[in-house]
């Protein structure tokens, strides 16, 4: 356990403001903290709690071409240091999004990333082709790793071939940089990462949620109507961090790390392990100001340690 | 909006039921009956999520919550002491819909168990609306009616029931309501409690063509419309949808709710 | 969150003692709670805290043929609701075990299960051939899933072929029932389970620990000297439970479930999901009396619900 | 052995240092200087593991622990109040080895920071052994010597150092010991503190051929020899091994320890 206490107020004489910006190659972020898909709504829900302009970026909730009903409730459960969800990507579809949401969020200076979903390869392509025509988006995050859509958590990110073919298909039509989001539910995450890289993705983000379940012994029913769901939150951090470390060591493209980030220290662990930026998910529910607090904690860390540029922390694990 | 250091000013305990009075001028001044709060129980990571609680009352710069110890989060909350501070988001959601046509009319409020929590705030507001307020309050046994005295003190017309007959009418509060109904002729009904209870009252009031509103519960991840976890089946312009109750509820009208 | 509170004292009039025994086919257990390998020492360490005769059984720490040094410290870290270990199977080897430990633990009535390890298939075989000659052991648990021995967590349980060949080789020589312990670090746990079943294992136990890592952002060093280690404890329960459910639905042999069991309710969740028995690991560190408390909590559950035989709970998930 | 409801009787706080007096006749009567306890901080699952603390003293039916708030577990423990109860396993491990040859001789105890914790119990035992006890006590700054007054009250010969010179000798306590050494001629040295400090004292005492014992720290999973997590490199009959310090320590002799 490390302590957030380290971030307590300390007088900082003569220290310059740390430069938190990171360069993803295709995109420069003012800081490494991106709000994760499905946990930040469409970007408007958090405006009473923070100014989205202060974030490194935000990813909107997964979008299919068509509106989706999502799964029946209960859709959420709490587990030790984690949450289980089977939202099932309920959503408004890409057309309504462009009509009703995009005009409202386009005004933010911060990069907007669209989490692209599809039942079949063709639907992913349709989403991207449609969105290509609408300005105000900085990148696509290809969600090939949601465990809540098909039976038993099947998704393209479980297989290197499936990953290759979908990434290739989307990359071909995309006019924006492509981030491919990987699943942790695999034996060899590096193999999948290399497939996505070979297919031309510009970056990787990982991890999506872990396929999991919970049971109420009093009723003998699963907590989720859907039986299985995705586990996220601090519980998964050590596994996700290991995967980010493995992938970052083996690919030549930027890696965006996530899983259980609750504090600036957690985010820094991912950077040290090799991630160039991070996404923050579940923490947004626990405290809607989380992303901004995490950014401030990272800033303090750099200032206290005399680190002028946070990019120098990336991949700096001491072995 | 967030109060990260709202102080507990007063605490009252009846077995598993707890009433906390909390200092928060902001929440107090902004709240409507039926709205709720998301409270972080402690800064550790287990339990992780905030827990939703209805606003039980506002008085001056203070608010109250009333809850039942029914699991890890509420049990930790029940151990908080005076001067402890709470991290609270709120007020959230939409409250009960109060319609000018109700002025000077008779209304009925029905609370089952901890479902009484939001109705006290509502009752106080309705009284000054003004309306004639009758409160039905049911529980398993007489120990599950801890707010009885308080409601009597405030001189609300009170009808109590217990499943075991240890106090008041013997049976469900929905049955008591049904039995008493002919003599009441309310212009509106507001209810909160176990789903089965609300469902029965919904059928009954629809039969009688009396508008009714229900405060629904669901597992909530965020309380602010971001996680899409808290959905209930709601009729919207004819078609049914999964609607986030934290945002568009937790109060819905009888005719909107698709009971499961 | 379910509450242990449910187990509070209640007067139980007219209820008969619940029968907690479970039948694994090759082995009858007086109750379904087995102490897990590596967390119960060699079975003697807990005698100040409980009587091992009250357990369903216990698995001793993993045994190689030869003594092993284990990994350098730090070997342990704590993560949210979990612990990370890279003990690296330090151990005394099978000969010293038979000489010094077995005579002391043989006296227990409760079944003793040996966790069998090996660097190569041949070493597993040697361990079993050697132990075959020594009475007092009830079954072998084949540990083909320890993430702390080879680089990057490699182990036979990650691959169906490797699993098949090692299980087949050991089964051929074993004079005792064989439980094969699976790794959760795989894309498709059912595939591996079916391989082990086909190779002749008598039962399956799952899961071993999740390959994971942790970093101290203050020093930028990994928490473990070994960098990667195995994650266990309540954090992993929802993932492990899902895997147990998947496997139990697809195999025809008994499944022993484990991962993060801290209470009787946790153990019952595994039974409801299809496990016939459970192992309790990390909980032994948190409270050395855990196993006995869990057994008592399961008994109370049965009595309060009027369940005469706990076997009826197995696989009773209501969907 | 376990005391699952050992009550906190008294508490004293100096900034980040805390002294708790705990009621446990059993532990008190069974403990030897150098042994330790595994304390469960709270019944929730985060933090999960127990935390190890040396026995700081025993008095009658009570024991004391003295600790530094240095992370999540100790910070939660530091917030416990009088009458709160702790779940404690212990006494665990082997204590300091007290040899009859030390009777009536001079010995030196050296504590760095919170490393003073086990030495107070040892000092009191040695005094009645009897031995002449000199205590070296070092910290970063004068605030890191909270037990100074207590040790003086008990009339131990006390030598203090601070890294910044804000109290006593300016420099490391190992340097103060080295500088003072010629005038002391101790028959044995007992030390606990940061690894670097102990290493220096180990070298120094080995040069001078004075037997020394050190209380080591390591991350502990169980404290009872079951997890094999707490190992240190120890020389056993010539060869080096990873030895569990919870079981065969935490105290080892200078010549056994392979410093890293």
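What to note about this one:
Here the chain labels run A, B, C and D in written order, and each chain numbers its own residues starting at 1.
By our rule, a contact is a pair of C-beta atoms (placed from the backbone, for glycine too) under 8 Å apart; a residue touches a chain by one contact, two chains touch by 3 or more.
Note that the structure is predicted; figures quoted are calculated from it, not measured.
Chains touching both chain B and chain D: A, C. Ranking every chain by how far its Cα centroid lies from the centroid of chain D, the top place goes to B. Distance between chain A and chain D, defined via averaged C-alpha coordinates, is recorded as 46 Å. For this pair, chain A with chain C, the centres built from the Cα atoms lie 34 Å apart. Taking each chain's centre as the average of its CA atoms, chain C and chain D sit 36 Å apart.
Across the assembly, chain A contributes 1-2, 78, 80-82, 233-234 as residues in contact with two or more other chains. Annotation for chain B: residues touching 2 or more other chains are 45-47, 72.
In terms of which chains touch, the assembly is arranged so that all chains touch all other chains.
On the side of chain B, the complex with chain D involves touching residues 44-47, 72, 76. By the touch rule above, chain C contacts chain B in their complex via residues 1-3, 5, 80-81. Across the interface of their complex, chain C is touched by residues 1-2, 40, 45-50, 87, 89, 218-222, 224-232, 241-242 of chain D. For chain A in complex with chain C, the touching residues are 1-2, 6, 78-82, 84, 152, 158-159, 185-187, 210-222, 227-228, 231, 233-239, 241-242, 245-246, 260, 265, 268-269, 272-273, 301, 313, 316-319. Every residue of chain A that touches chain B in the complex is listed here, in rising order: 38-41, 45-46, 48-49, 61, 69-70, 72-78, 80-83, 85, 87, 90, 233-234, 262, 282, 284-289.
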